[in-house]
Amino acid sequence: MILVSKEVKTYYLGGIMKKLMGLLAVLILMVSGCGKEKSSNENSLKTKVDGGELIVRISQDMDFLDPHKAIAAGTYEVMFNIFEGLLKPTNEGKLVPAVAESFEISKDNLIYTFKLRDGIKFHNGKDVKVEDIIFSLTRISGDFPGNSVVRDLAKNIKEIKKIDEKTVAVELNKVDGTILSKFTTAIIPREVADIEQSPIGTGPFKFIEYLPGQKLVMEKFSDYWVAGVPTIDKVEFSIVKDEQSSILSLQMGEIDLYPRMGSAHIPTLESTHNIIVTEQNLMQILSLNNKVKPFDDLRVRQAIAYAMNSQEIIDTLDAGLGKPIGTNMSPVMKNYYNAETEGVYTHNIEKSKKLLKEAGYENGFEFTLSLPTNYRFHADTGVIVSEQLKKVGIKANLVEVEWGTWLKEIYAGRKYEGTIIALDGKIEPYDILNRYISTHSRNFMNYESKEYDAVMKKITQITDEKTKTDLYKEAQMILAQDIPVVFIMAPAGIIATNKDLRGYTPYPIYVQDISTLYFVK
Amino acid sequence: MTIEIKNLNVYFNEKTKLQAVNNLSFNVKKGEIMGLVGESGCGKSLTSLSIMRLLGKNASLTGEINFLGENILNLSKKEMGSLRGKEISMIFQEPLTALNPLHRVGKQISEILKIHTSLSKKEIKVKTLDLMQEVNLKDLENTYKKFPHELSGGQRQRIIIAMAIACEPKLIIADEPTTALDVSTQAQIIDLLKEINNKKHNSLLFISHDLDLVGDLCHRIAIMYAGHIIEVIEDLKDAKHPYTKCLLDAIPNPLHKGNELYSIPGRVPTLAERESGCPFAGRCPIAKERCHKILPELLEREDRHLLRCLYV
Amino acid sequence: MNKKIKDYNFIIGGGILIFLLLVMGVSFFYLPHSVTEINTGVKLSPPSSSYLLGTDNFGRDILSRLMKGSQTAFLVGIISVSIGCSIGVFLGAVSGYFGGRIDEIIMRIIDAMMAFPGILFALMFISVFGVGIENTMIAIGIMSIPTFARITRSGFLREKELEYIKAARVRGASNFRIIYHHILPNVISPIIVAATMSFSSAILAEAALSYLGLGVQAPNPSWGRMLSESQMYFMIAPWYTLAPGTMISLTVLALNMLGDFLRGYQRRQGKI
Amino acid sequence: MIYFIKRICIMIFTLFLVSVISFSVFQIIPGDPALSKLGIEASQEQIDVLRTKLMLDKPLSTQYIHWAGNILKGDLGESIRFSRPIKELIGERIGVTLSLGIYAILIAVIVGIPLGILNAKYNDTKFGVCLSIFSQAGLAIPEFWLGIIFLIVFGIMFKLFSLKYIPFSQDPISHIRILTLPAFALAISRISVVARHMKNIILEEQEKDYVRTAYSKGLSMNKIYVFHILQNALIPTITIIGMLTAGVLGGAIVVEQVFNLPGIGTLLINGVTTRDIPLVQGIITYIASVVVIINFLIDILYRIIDPRISI
């Protein structure tokens, strides 16, 4: 029984469909048209402004706020502004006194005596005492509840003595030329109950609050021991992993500083933001498992090095800003970097084929190239590398691996054939190169070279800078020739900042120094 | 003359145009109970829906329906709205589904009063209870609050009747009101309709397929077959049309105990199968050649007895 | 007028689907450019005569990747629907036909599975068994089991009561014969509707998983992966995002419209 | 009442199954949470210390009993990555996902129902077809892509919405303003689901006898729609809203990524990539239980509202 009375009029609305299509077309036009207009730049007229609130976007979260527990790179990057050690790294990669005013090393290089800087205060207003230094240095030997994380420095400390109200002496068990950089470990007040909940240090900024996975907020520490520093009042480190939403937040003006941005976004942000390009202390490598056939054969590794063209990867993925490298050292470590290593293996298809023939792989071979999923940069590099190796008959099967699995199977377990990852540099060149020592726990390349181990051993025995630098260069040349891994590039560090933010100082290590930043109006 | 229908035609326009009712004409006088009887599919329900103008989207109708002298087909939707329920009301076949399951029965009765009368809330409540009293419902206060699923079929039909007589309509159309009820409730509902008719002198159009029932209740009976009225009589006994006679023979009679029950050969033609000539010609025992060609007129025989047949 | 209107769904939905099947068919034989070959010179160039839909950030032709991607999309769709359908229908049939304790248990498992929103379930599956096209298909397949089980069960409950089943049982037909021969054919049409709908949600799920970086992997191009990779360049190269996005939406729209048409057709047959 | 108790037992059993599924699925997960927490630099014994602390070395059954026991006590255990109780982490962020979910369902209902009614009224007309194609299109566009387009068009070009999340307690108006865009991205596909169900239900109710009785009482068509058809159509609509919850929570996970809202969706994805098993288990059990409980409430609500069914 159909019931609805037939008076219901029918609307003829063909017109509606036409209007809808029109609207959609306009929308698409606007989307593609908008990225083009240029903006005028009158930087010179602006004057420095005091204070202001800064929002920094970082992609990795902190593991622990307690400086002696924290190991993850993402934590030191932020907490660098809160905690300071006896010494402090500078943007040129040197070490300068911080909590300590000055220090001397005994002739036998075993006793390091530090003089406490007078008038230096903790964030809770209390003066820093020698007892705090002794407390902090003994704490890193792991004898405190909750975590027995033992630091390398602690292993080598024989005894810490208080000389007087202003000086403290640290005696080592054996000479270690590379120990100085370890004295940057944080000095914390001895009577604070839980440093994790209330991280108090001597740095330019005071901790306010931390929402895990969301943000960490700190504010200016007015009586910081360097006068007039910092200028910014309040800093919020907003933690978001997804690069796409960070780019959008930048464009919407919701974040002021975004370090380590992908080069692909430069054209988008060029007109509206400052783009700072820096050399990063970061080495991207194609690691080949030296224990796995055919990578145990040096000629095969050389053939791969000749077949690969780092410049093409740099142009495609890093907008030509990255630097090709020949060894496990970034050019940013100026006084230690060995420039000759760059020319050792340049792109040469014939040489590569000749070497392959010599090694008995005339018509190439197949191997699995595992790529960590959460670093799109490395996954994309893998795509280009597999194309490049095709030209010499080597077939690289790309397999993307979850980060957790990459860490366990490849990094710790060394169960892989080829992979692409970036190794971040440290202040101390020894810490960058020690990974290739055959006995090192993280030598996931399975590289073994008696000659290399000998050079690295010698370095630890001497403290004279000149001879140490030559030995570092010699070690780099061995790596360049042996190529346990193919050194692709030192990716450029690209930082996007708000148009009115000045004073960004890039560091050769994984830190964001907020104290030098200021706004202009 | 409460209502007079002249040459009513109802068409269904599915793929092709089908005629369900062709030029039906009959009238119902004031206070008269008119029966409309026929097998299912003869168009009797369609007629009632046409009067109420509640036909579906793909149905269309022509002809005149004069109610109290005015052709209601020309009325606007609003005017028709004020007519429905006030002047003409309807009782349906399925009491189970005819009431809104989510509203209390009392409220559904008062709804029709709210639309057509300007009584206050309290007066409406009192009137509703009176109406329920009139249709012989018991324990009024509780029943008022009950939901349809809490009442029996008979009680629900009484609620619908209460709704139908709420605004003292001139014409009530009852479309097979008792078919879905058991025999004992059926008799009570019929007596109730008779009682209302005597008291209120409204005219009642009673549609059914049960000859016996119609025989007792109605003053006049129109028998329909395949969209046509074939006979209008006051008493079943003096039926003359072959179809009516066949129908009467088909009623099981205790006197003819033992011998086989009679049933009319063949079946009712569907809308598409109806051809010209007398609709019953195909199944009529006394059909002749001419019956198939000419559609006989509905002529008045002695004292208001109408008949549509060439040979009787 | 009414008959023609009802077919709108069929005409538009069918039309788009045939166009997509054509695109996939052609992609087996001819692709304008190689899908993997990189040339940084033409990186992110707008649509031109040589590259009809422009190029991506590796300089690869988007059109050929889309055509190849259609193979992956239909592959993901077909396999995940067949997984979901076979297991789901089996579970639904068993619990619907036998009822009682088995029905109770299976239904509770289905309820528990329904409690996990689709993406969550795939997320859990993939983080356990790892990324890759096979796992994506299995994960999406499992996601669609509950819907098939429910539809089949309600179909079985409805048909089981009808006379023709009692008649079959009286004739001594075995349970299997009754299920397979008698009930299933009558329950098949709602299952087909569910299949079209779950085919389209499979494609949507693959896109979402790729967006989260867990879907189909690098070598074989998939619409979902292209969509997630391209959104970084939305401002500089909007065509790179619009192309895969439109393909996904068109396919899903076509499948949903066909599903709607089938449901409408089926209601007219009174099979609901 | 018996029905009520029966439903509660079923619900509890389902919740138990949910916890078993989410616990067992994660035990066979490759990758080591301790390693992924301490990252590339950590030495082996640092990792072992963390492993024992997290009982990762105990047999599975004891771990499950311990974990399930804690849940009953309301303690979801501690996240490895953030080394804070999961309950707290979820507590901080659940507000975002809940308000996003409720906002999306509200939009879906407010827009979906009238669209469904229009669809039903003009079912067999050209306008009706356009409407149904329009709502079909809503279902076809992937949520995250819609989110991105919204973000680009409304966020950057028209600067209408900001990405900075402001909690409800702080400033309700801007909280709603910020959540409008993600809520719409989430709601669009749900609108078409609600519209389609609404249309089918209305088409069914329209044919029912009580509608004819209403007409015969002289009610106008609109009044009949409002007082009679809609009320009867609303009851089955409640079950649709129940069905939406699972979908909306699933969608929220993806949409939160696009708009980087600090909801439990982003927390979950973060947990999955960093192998923070307790956190992921906690969240998945939490979401699944919310869905089960909501469906249970909807089922009870359905019975209370519909007088025809006694509890």
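Letters A, B, C and D name the chains as they come in the text, with residue numbers starting at 1 for each one.
FYI, contacts are C-beta pairs under 8 Å (C-beta built on N, C-alpha and C of every residue); 3 or more make two chains touch, one makes a residue touch a chain.
Computed from a prediction, not measured in an experiment: that's the story for all the values here.
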Of A-D and B-D, pair with higher C-beta contact tally: A-D
Chain at the geometric heart of the assembly (C-alpha centres): D
Centre-to-centre distance between chain D and chain B (centres being mean Cα positions), rounded to whole Å: 54
Separation of chain A from chain D, taking each centre as the mean of its C-alpha atoms, in whole Å: 37
Mean-CA-position distance for chain B and chain A (Å): 90
Cα-centroid distance, chain C relative to chain D, in whole angstrom: 22
Contacts with two or more other chains, residues of chain B listed in rising order: 54, 58, 77
Residues of chain A engaged with two or more neighbouring chains: 1-5, 8, 31, 34, 244, 251, 373-374, 402, 405
Multi-partner residues of chain C (at least 2 other chains): 2, 127, 130, 231, 234-235
Contact footprint of chain A on chain D as seen in their complex: 29-33, 35-46, 49, 79, 81-84, 89, 92-93, 121-122, 125-127, 130, 134, 148, 151-153, 155-157, 159, 162-164, 206-207, 209, 211-212, 215, 221, 257-260, 262, 266-267, 269-270, 273-275
Of chain D, residues touching chain C in the complex: 10, 13-14, 17-18, 21-22, 25-26, 28-30, 124-126, 128-129, 132-133, 136-137, 139-145, 148, 152, 156, 196, 246-247, 249-251, 253-254, 257, 268-269, 272, 280, 284, 287-289, 291-292, 295
Touching residues (chain side chain A, partner chain D) in the complex: 1-5, 8, 10-14, 16-17, 20, 27, 30-31, 34, 61, 63-64, 71-73, 147-150, 211-214, 240-242, 244-246, 248-249, 251-252, 254, 373-374, 402-405, 407-409, 411-412, 441-442
Complex contacts: residues of chain C adjacent to chain D: 1-2, 5-6, 8-9, 12, 108-109, 111-120, 123-125, 127-128, 130, 200, 204, 207-208, 211-212, 227, 231, 234-235, 241, 245, 248-250, 252-253, 256-257, 260
Residue ranges of chain B touching chain D (in the complex, touch as defined): 52, 54, 77-78, 81-86, 89-90, 92, 94, 97-102, 111-112, 115-116, 147, 149, 160, 163
